[in-house]
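A, B, C and D are the chain letters, set down in written order, and residue numbers restart from 1 in every chain.
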Amino acid sequence: MLYGNTFGNLFRITSFGESHGPAMGCIVDGCPAGLNFDPDIIQADLDRRRPGSTPLGTKRNEPDRVEILSGVYEGQTLGSPIAMIVHNKDARSRDYKDISKVFRPSHADYTYTARYGHRDPRGGGRASARETVARVAAGAVARQLLAQMSEIEVIAWVDQVGTLTASVDTDKVLREDVDRFPVRCPDEKTAQAMENQIEEARKARDTVGGVIGVVARNVPAGLGSPVFEKLDATIAGAMMSLPAAKGVEIGSGFSSCTTTGSTNNDAFIKDDNDAIRTQTNHSGGIQGGITNGMPILTRVGFKPVATHFQPQSTVTTDGEETTFTASGRHDPCVLPRAVPMVESMLLLVLADAMLGARIARI
Amino acid sequence: MLYGNTFGNLFRITSFGESHGPAMGCIVDGCPAGLNFDPDIIQADLDRRRPGSTPLGTKRNEPDRVEILSGVYEGQTLGSPIAMIVHNKDARSRDYKDISKVFRPSHADYTYTARYGHRDPRGGGRASARETVARVAAGAVARQLLAQMSEIEVIAWVDQVGTLTASVDTDKVLREDVDRFPVRCPDEKTAQAMENQIEEARKARDTVGGVIGVVARNVPAGLGSPVFEKLDATIAGAMMSLPAAKGVEIGSGFSSCTTTGSTNNDAFIKDDNDAIRTQTNHSGGIQGGITNGMPILTRVGFKPVATHFQPQSTVTTDGEETTFTASGRHDPCVLPRAVPMVESMLLLVLADAMLGARIARI
Amino acid sequence: MLYGNTFGNLFRITSFGESHGPAMGCIVDGCPAGLNFDPDIIQADLDRRRPGSTPLGTKRNEPDRVEILSGVYEGQTLGSPIAMIVHNKDARSRDYKDISKVFRPSHADYTYTARYGHRDPRGGGRASARETVARVAAGAVARQLLAQMSEIEVIAWVDQVGTLTASVDTDKVLREDVDRFPVRCPDEKTAQAMENQIEEARKARDTVGGVIGVVARNVPAGLGSPVFEKLDATIAGAMMSLPAAKGVEIGSGFSSCTTTGSTNNDAFIKDDNDAIRTQTNHSGGIQGGITNGMPILTRVGFKPVATHFQPQSTVTTDGEETTFTASGRHDPCVLPRAVPMVESMLLLVLADAMLGARIARI
Amino acid sequence: MLYGNTFGNLFRITSFGESHGPAMGCIVDGCPAGLNFDPDIIQADLDRRRPGSTPLGTKRNEPDRVEILSGVYEGQTLGSPIAMIVHNKDARSRDYKDISKVFRPSHADYTYTARYGHRDPRGGGRASARETVARVAAGAVARQLLAQMSEIEVIAWVDQVGTLTASVDTDKVLREDVDRFPVRCPDEKTAQAMENQIEEARKARDTVGGVIGVVARNVPAGLGSPVFEKLDATIAGAMMSLPAAKGVEIGSGFSSCTTTGSTNNDAFIKDDNDAIRTQTNHSGGIQGGITNGMPILTRVGFKPVATHFQPQSTVTTDGEETTFTASGRHDPCVLPRAVPMVESMLLLVLADAMLGARIARI
């Protein structure tokens, strides 16, 4: 809503914080009263996102302990805003001294300066991926809400690294399958190849991109809105708001562009319980912007991380052409850590949609 | 915002109307006062979207004359809401009598019923692509605002039909190039092949999908917001809200997932006027969610139209399995008519972003 | 929300129209699907607001026939936006030719020009009280929603004209009591005196102010929000947004400022059905911004109409001092016609609050 | 917006915190980048609101040190959200043990329970006036923004305590005049009488109400919106959202209800600099919801504090009738401490309106 720091209509998060400022955090507003609130679930999701949570990630060492400042009393939400903060501890701002005078290619240094006139260069400031701490904390509140309001489960995984693509059964994949390998790909053989590819990139002082897949199962039919806030539109916006995301598809996505209607349509059938379902799921669980009860399927494409360690041509803040070579601690591949981020965004979207369904009929 | 009928923060459209109700329309709120307002520009964009505007489209014959009900006085906007309506004239509701009792596959019949308890089955009701009349009318207001506030130009084209992909120079393509062929692909050779493919689909009583490309040129640096409303996120949500859209990419999109950072990064250079630009444009004009002054590049994937004329398995509203065969007037390919829709969405996003830049700094 | 034309969070109206433009109207978004929708109820409320509805009002003769453009199918709301328009028929713009070059005192001519650079002078343009057509139409949708969701009833009346104050039993007053007299004061003796006072003002080519009282009975406990959207705050904003409103009080209002806590507090007691109620109702049914189940009581003060027919000092649009004497058709007292406007605003607030209560708890 | 914790369209505060939870705080979103940001100004305003800031207030001893968590870098705002927190230190929750099982009359205990199912009884939880810490902190950011964007100055004072009414020159009154006396009334003689009256109330174990006056001077013409967000409507809502507020008037307010148009209208004249102004200011600086350049004048009526120390009839949370006598630390009169709160609300409204004016014209 307007400044980019708020997400959601009814279940709503407002995020704040610069990478090397005192703290990151968010306010979750609109979480209904009476939710059994477990801070350990939030901490667990933060731990999963944390730098150092996989051996493939950055070496920045942040404990990322969440503090709950409001909105909860005797283990239950009050219906008032839930404020959560995570202090920034291991912020080595000296690593960024040398970059305060240069626009790093494919980073937000130049564009933030163009917009705001100045910027906080330390760790990327507001543009840092560290901002996703707030999303994951809020997503873990949404996770609890969905668990207590529905049977919905949301599982994301690394579906592609470079050209390596995993084979994943979206009806069955579990979080424990995903977390079995550091790369967070549940397909064992591909997982090993992906790790190798990431290690090779690290050695080449380079970075690689990839794709996250995510499924939401047991989603009731009737979630989502028409026209501008079709659920797939909201999901697309949510996912594309993640750092480095450059593409989103729902269901068959771009591959449906090359098929025909007669092969792409999802025939309605009745299952053994006489419930309506579809024979195929090319729609990815959403038709006309509203869920049909089938699993929601989304793929999110991430570009290779902009910070690699090879020399790059660029321009200084004074407008002089120069060569820049990055230093510091950076991931060669964001994909493993993007798994909890993608999950969080879908959890936020679905928590919002669940509340919306309550007021759709008289 | 909440019910899906409103789009934009500062330049804001609220849309209404069912396909066979009395009228479609919208309110544009937030258009600044003092804009020179030309209803002919709106009518021209509506004509371009109109059924019958290309020989490849549906045979529904709607004059789609726009009436301006408010917000304009002596050729200038007042700063008050601009209400526009288009009456539905050629609504043959009898064509839809037979579908009121059946859930058409991959349409919104079932999901709307799941959400709202009932629906207007005539012409798809609110879920009809006819809803995009409102978007195009509002987009034509945005077009005028951008023309009077900036040098921005927005051009969309059919980039792919089935497996046929056009070759388009995004730095130079013009609207007249796009409109030269009924299929609205500016690449002559491919355009002819696309038309053939669409005609073949029509003969096969089937439908085909494809991709729309769109570019915005002369966009100032500094448009867009951080975090949840990165400009690419807003564009992704906007595009995915179009009927039948299933995928969106910004810049290099999914193809960047298979590259490395050292090849994918856009080096900053200075152009002949000493202005900062990038050597390549894999970012599609947006870095950290904010424009960098380079052209914005987006591709939007559309599935094949759900209404084909072959028999399909489905379920009635009473829950009985049945076979459904569509009748009526329907496009075998939405792509040519999606061109003005995609343009409109990007115009709306950019008009909103231009106003947002006015309040980003003290 | 931002431009002033939208009201409500969940039950939301967006209004448009200039007094002498083609039409006034609104979109009601967020009305739940499945409401039995009766356009006659809307027409009846519009008729009550209509110029000419009381012999005390302006002589402008507007039929004010409402057209429903969307959102309703077979007598039931669809959950999609309900667009309603009322064409402006008896707009004598020639009456306003002479005022296009002068800033009428205590009107919005000067302030609109200061804000927007120009204005529609015909009939006051957007600043005309004719804008309340949209509020009353939307209020009549809210009335139907409340009737089908609750036992709530909302009754307004003329409580004061000049120094004449009515005596009204807020627990019992009915709409038919209010409508018994042209002045819409249910207290017979005072009603007659008020009429006389208004007639005297008319003869003196002057205008008089007064106060509208309103009560909402059978309101469930638990409606409203904390902090910035306390229900009394929302009501205050809603009422003060009416043309010519200059003061609002809730419950005992300003008179509570001169009492002590021990006399002003509302003791809780149990009624014959063991339900909790309060012994007195100085709080006007709202405590901490949330309803307590007692009647909501509000008073809204209106200044005398700015258009009287005596000569006034003022300044032209060119900045020359001048004398202005109004002509045309104008009410000496807005109070009788303000009754349906005040009711509408409270209906809108309560419809919104009823929906809000659905998502306050898990 | 929806849950009551957010205020403002463009300059927007989201507040959080329960009285005895870990912290109160807020996020200010929409403060433009490049503002010179002085935390001492925030601390000074918080000190003025602080319990113990006047000898007439509660004895709760809170240092109320503000911590800035984000949004500021090297003394300038970044354009990103400014998160501010104030820890709750002197929360004696034992004082509230005895009230967790009883609904205090004219407090929010019952209504919060009716809405949310449960509540945080410690110190009134979210319904505590301690919540205004967030408003005052945000107001002090707005104060800085207005100081750097305009000449606007906002001064509030205690205008009435019980029946004692001050005489104040709204064109000249200064903050230092207000702060000269503990009761924050700039009229010396009345100030002394007010103090006596408050002390008498304290001795009588009772509480008294009153009225805050506030003026905004040097306000440019053209601020505010039409229809639902007329500036007076926004101010009315803002003021009525303050704890214990029960009435609001703009300009002549309720007293204008008893006058005639010919005496109440504000004639336009030209001042010595040829600028347009009005001869009188019954409109309180706002006409048609938009400022006319004259001082904005508002009065806000507060009921006597609900917590007095005499026995009161009430009902327990189990529904048993009982007698309740308050203990703990409570103000006999909120008026002196309401002065910075009222100022803050007007500052927030005006900062928002100043930004809004930037996008009203092309």
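FYI, a contact is a pair of C-beta atoms (placed from the backbone, for glycine too) under 8 Å apart; a residue touches a chain by one contact, two chains touch by 3 or more.
Values in this document were obtained by computation on a predicted structure and should not be read as measured data.
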Furthest chain, CA centroid comparison against chain A: C
Between B-D and C-D, the pair with more C-beta contacts: C-D
Chain A and chain D: spacing of chain centres that average the CA atoms, whole Å: 39
Cα-centroid distance, chain C relative to chain D, in whole angstrom: 26
Rounded Å distance, chain B centre to chain D centre (Cα mean): 46
Chain C residues counted as touching two or more neighbouring chains: 2-3, 5-6, 9-10, 15, 30, 33-34, 79-80, 115-117, 126, 226, 360-361
Residues of chain B touching chain C in the complex: 2-3, 5-6, 9-10, 12, 14-18, 21-25, 27, 29-30, 33-34, 67-71, 73, 76, 78-83, 85, 115-120, 125-126
Residues of chain C that touch chain D when the two form their complex: 1-7, 9-10, 15, 103, 105-108, 110-112, 114-117, 126-127, 131, 160, 162-163, 201, 204, 206-211, 221-230, 232-241, 245-254, 256-262, 264-270, 274, 276, 278-279, 282-284, 286-293, 301-308, 310, 312-315, 319, 321, 356-357, 360-361
Chain B to chain D touching residues, read off their complex: 10, 30, 32-35, 77, 79-80, 145, 148-149, 226, 355, 358-362
